[in-house]
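Here subunit A shows up in two complexes: once beside subunit B, once beside subunit C.
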Partner chain A sequence: MASSNMPYAVRAYERRRLADALRKMILIRKFEEAAEASYMRGLIHGTMHLSIGQEASAVGSCMSLEERDKITSTHRGHGHCLARGADLGRMFAEFFGKETGYCRGRGGSMHIADVERGNLGANGIVGGGLPIAVGSALSAKRLGTGAVTVCFFGDGANNEGAFHESLNMAAIWKLPVVFVCENNLYGMSMSTDRSTAVGNISERAAAYSMPGATVDGNDFSAVAEAVDAAVARARAGEGPSLVENMTYRLRGHSRSDRNRYRTKQEIDDWAKRDPITRLFGMLVSHGVMAEGDMAELDGDAARKIDDALAFAASSPDPKVEEAAFYVYAGSGAR
Partner chain B sequence: MSGRSERVRGKLSYAEAIREALDIAMDRDERVVLMGEDIGVYGGAFQVTGDLFGKYGPERVIDTPISELGGAGVAIGAAMTGLRPVFEFQFSDFAALAMEQIVNQAAKLRYMLGGAVSVPVVMRFPAGSGTGAAAQHSQSIEAWLGHVPGLKVVQPSTPEDAKGLLLSAIEDPDPVMIFEHKLLYKTKGHVPRGHYETPIGEAALRRIGHSLTIVATSIMARKSLSAAEELARQGIHADVIDLRSIRPIDRETVLASVRKTGRLMCVYEGVKTLGIGAEISAMVAESDAFDFLEAPIVRLGGAECPIPYNPELEKSVVPQEPDILEAARNLVQGRI
Partner chain C sequence: MPVEVIMPKVDMDMASGKILAWHVSAGDEVSKGDPLFDIETDKAAMEVESPGDGILRFPVDEGAVVQIGRPVGWIYADGEVASDPPGGIPSSKDEFRQSVPGEATADGSRNNISSGPDNISGKFRASPLARSLARADGFEIATIVGTGPRGRIEAKDVRNYQARRESEADTSDALAVSESASGTGTPIILLHGFASDAKSWTRLESNLGQRPLVRMELPGHGRSQILKAVGFPDLAATVRQTFDGLNLDKAHLIGHSLGGALLLDLANARPDLVASLTLIAPAGLGPEINGELLAGILRATRSESLGPWLKKLVADESLVTESYVQAAMRDRMEQSTRAAQEAMADALFPDGVQAFDLRAALARVEVPTRILWGKQDRMIQWNHALRAPGRVAIHLLDGIGHMPQIEAPEEVARIIEANL
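Entry: the complex of A and B
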């Protein structure tokens, strides 16, 4: 059958969903480029971690998630948040520390999360989300909600004790959770060759008796295929899986990174494997989109970004007298 | 080197002073090794280890995986068996991940084994707010560790003390925790050359007055000193004590000052309740210095909430110089 030569994504999803996935990836890219520009202009204090180059991992991993499903995110979480359909204006507002931001200006770039869309938090602690994801899967199982939790974490997080403890508990209790490792080859300056005893992090799945797969994380279709299968398995009550998306962050770890631990050549080589260009190319070659569509997609995204930035800029700051709201239940509006 | 450059040198930053201490210690003692995340080619998240990796290589400047519990524990085990590890936490907040090894092991091993072992480990913790890094990267948790017998806990506020306390810590036979406020790394000051030790457990009386005693820690010592200059212009003269060490605490320096001034104010960045100020206040209340008090004790500490991201909110939850000024004036003018 001709269709078996087609990439998984083209077989699995309607055109509308494919176009939507591409649109989200472009929005993530443009959100982060605009965030970076604001930073350069001194409009933001604090730090930020950009996922430019990793957009296929965020969007591809959320393709079969439903409204009831949950994710846990990381310090590099803007993509995860947008993949689940968060509002750009509220994201920028948080970035600027505004009361209209997702965290009411208390969290900032590192914590932006749309809880209403099932995002249990972007976490400043490496590995912090792993046990929380397992807890979310435990409650889904116990309460019979049918929800699956996708747990995003980086290659660096796989050396925290929390990773190992979490995978073991998810496995012994057969919980509906999918561990998605975004392996961008480095945890800050430390390459996985130096930090991690196994070649592929997915090999660690064997130690916890769950399936593990390593895929090209810059190939939207490959990511979606692996994570969709893992979500289906979780949904069917068969337990957790580990999927490792091999990808690359094209920017430094954070703003203060001088990139001393990697070469320009390496960065340039990975830039050629840009996930957005690749997905667009695939969609064009399978007749889902036409060459000329990119300009329109770009323009559309740019307009959305401008509107969102304007919303954020005109939003009020939180009140200083309310700094200690939300420490306990019953303080502040919700 | 010319004789002139031998004698005269410019000021060093707090970060440079720490690096100089590490360099001196590594040079004179092969047993000293550095461990931590991104302390090698990256030079440390706050560029404290800088180029020491280039000088001493990967055998002595050891990048650990992102494994705080394990990394701290390895440093402790190595300290028990012949090395002198200096372990850098990337942010003090991540001590939470290593609490088991710090509190249950490092602090207690000597005691539990009846004095048969020593744990000469040093841990360095970049601490505090003011960088826009929000709730999980801005805490001041020194009082948590200050509550644990077996540990020593210091908070240098000047480049000179950052170097001297670190060199003392490396020589110390017990585990020493050093809290370094992130906003201090770029501040500059005079730093003596060569090897010297600033004694752990001795406060520094930074300014002499008679109207009130301000006991402050870390960056709050700097803020208090600067506030004291302004107070002096208004006729209020403060004794400013930079506590430097919170375990052990220099009781005598504090009590002597309070006996003299009759008024006490404590300034610290950690959460106010159950913090360092409570200890200092109780110490005074339990001593003869209590009889000299002419007004209630005042504590200025962090607000009862995590550190927020928004810059105005962030400033509002820790004591700032105007807060210190106002509180000191009120205390001296009997308005509390």
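Entry: the complex of A and C
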């Protein structure tokens, strides 16, 4: 087969990395399904935003990131955490409000940060991660670390002032940051058609003199190709880029969504474009995997999830007298 | 093993949910993702999808309230034996379920679905608030048409229905009228001002001698009902209608502020039935009015915020005692009263301007007419009186504000009596 007909991912990555990527996407899916089930049983407090259906965007966007690189995440950030290798048990523990959680159970689903793995954190503020990513990229540039920051945000953030200010600053200072918009067509119940003046959010890049690309966000290879190029450009000191991954969240906005703003037909249509099925199909058709491998991948993931759930469930609750500890940086045990 | 169907937590602060209706019956086949049942929480109604493929067995009763995470039924694979519910959960004695009287059946079967207001198996949607409004009102919610998404019946649909029903029931738009017990001679008609009521005449009445008194109250004020149409022409028509209903041969008219404007309109419309017209600080003679003062009174929801504005209505603020303010606030306590007056102010005094002009009417009125005005009026300036034609008598009262009938009842009564 002529190499030019091969998808980018198959050309660019070794077998092991492709299998890894698929494994991560399956893990994210199963993780969120388990979180959903736990939530429905009342084990998780607060609310929760699931990214089921968006796994290719999370994993594909992190393919060329190195240990020193950073990401900033969103309120819909479980996939981003796991793409960067977060610990499943500590994530569940955080959801369950346990001492062993990422924030010692004080933060919940929307506040997971894993600085050791370059994850600067989820953010409950729509658009809140953008200025942080710019700051991270600025520090990398000033310190000469060579680190690149990938900044995830939703379509809803593209109309926030912080988005525009961040892109402008990143551009004037040629910062090593890649803005990755996960356009899932809605900010809560508001469709981008109704909220956004431009047809593609990537068109906004022109205003800040940076490259912009819109790709099929459910196509792992397309995402990886666009973001890899942007990371390379950032790493080479050429400045920021904007990549828009067109995707879809198959679940509601949060746990209390009644889906009144979209049709079942639309959800079903997007379910047919499942990023995991598509990546697996691609890997099979290019001989990277065999049809029969899926059962093993599923089983593997399920076992990891079960272990993580057991770890979280058996972890200690915070002591009532200490509930207000560890809420602010450096607030330690007082 | 059958798949457990649980009452899912769908809201941050949800502890339990009510099964409103099953979309399928026990023994029916379902597929994963099919709509399985509807639940109602404190906040909303929501559809729950089937967690698996198979046959639904042992569904709990419609109307049952179930704690989150507890089973509400089971999905069995084809051919899987189902003699007893696993764990015996769907028994009506389960500690986590409370049957809601009149809504759930007690025997665990679903054959006996109540046909009361809560039965939504008839395929219509309604918000929880709409349901409870209908329930409180005691009518069958299914009988009204919903305007929400996919025909969902919402609270506003119920309220519109109630309003329609009420307006159909009321054939008369007449104002509330109260009459003095006795008296001889030509009766006096009294009409109070905006945001006031018939009680504002009490001090004047005791100085007015022995004539029969007829007090009218504006819509949404005192004991008058709230009217939808509150523009000046609507109000004037209602006043006329009420006046006509009294069947008087002749009447003296005394109106204050907005009431003055309305009685001036009446005198113009019914010249033969009016003996004299007394206008106290009347509206309608110029565009200016103290919009801030109006808004302040309208906005007030307690006596602390109402008092300071009421003081601006009089020249000697000591007249506005604490008990006076409290009594005034009690009359405005009803949110519906305040809303009605607000709608009225919006139509009559948009942007703090008097939107109606009665100068032409005043020029046409030929009956003896007097205008009384306090020179310290901070609501409507007394110099509007200067726009009256020469035949109208003008009495300007020193040291008096917008409420001469309260501030100087004896003086006002003397002027009126001398001319009746």
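Convention: the second predicted complex is superposed on the first by the 324 of 334 C-alpha atoms of A that agree within 3 Å, B and C clash if a C-alpha of one lies under 4 Å from a C-alpha of the other, contacts with A are read in each partner's own complex, and residues count from 1 in each chain.
The working rule: a residue touches a chain if its C-beta (ideal position, glycine included) is under 8 Å from a C-beta of that chain, and two chains touch if they have at least 3 such contacts.
Being a predicted model, the structure only gives us computed values, none of them experimental.
Of the two partner chains placed by superposition, subunit B and subunit C are both touched by A:R260.
When both complexes are overlaid on chain A, the residue A:M6 reaches neither subunit B nor subunit C. By the touch criterion stated above, A:M40 is placed in contact with subunit C alone, subunit B being left untouched. In the superposed model, B is the one of subunit B and subunit C that contacts more residues of subunit A.
By the touch criterion stated above, A:M294 is placed in contact with neither subunit B nor subunit C.
After overlaying the two complexes on the shared chain, residue contacts for A:M110 are found with subunit B alone; subunit C is out of touch.
In the superposition on chain A, A:A19 makes contact with neither subunit B nor subunit C.
By the touch criterion defined above, A:G127 lies against subunit B but remains apart from subunit C after alignment on the C-alpha atoms of chain A. Subunit A uses residues 45-47, 256, 258, 260 to touch subunit B in one structure and subunit C in the other.
Residue ranges of subunit B in contact with subunit A, taken from their complex: 37-38, 40-43, 45, 63, 65-70, 93-94, 97, 131-137, 303-306, 308-313, 316-317. The part of subunit A that touches subunit C in the complex is made up of residues 39-43, 45-47, 255-256, 258, 260. Residue ranges of subunit C in contact with subunit A, taken from their complex: 6, 8-12, 15, 43-44, 46-47, 68-69, 149.
Contact residues of subunit A toward subunit B in the complex are 44-47, 97-98, 103, 105-108, 110-111, 123-128, 156-157, 159-161, 187-190, 194-196, 256-258, 260-261, 317-318, 320, 323-324, 327.
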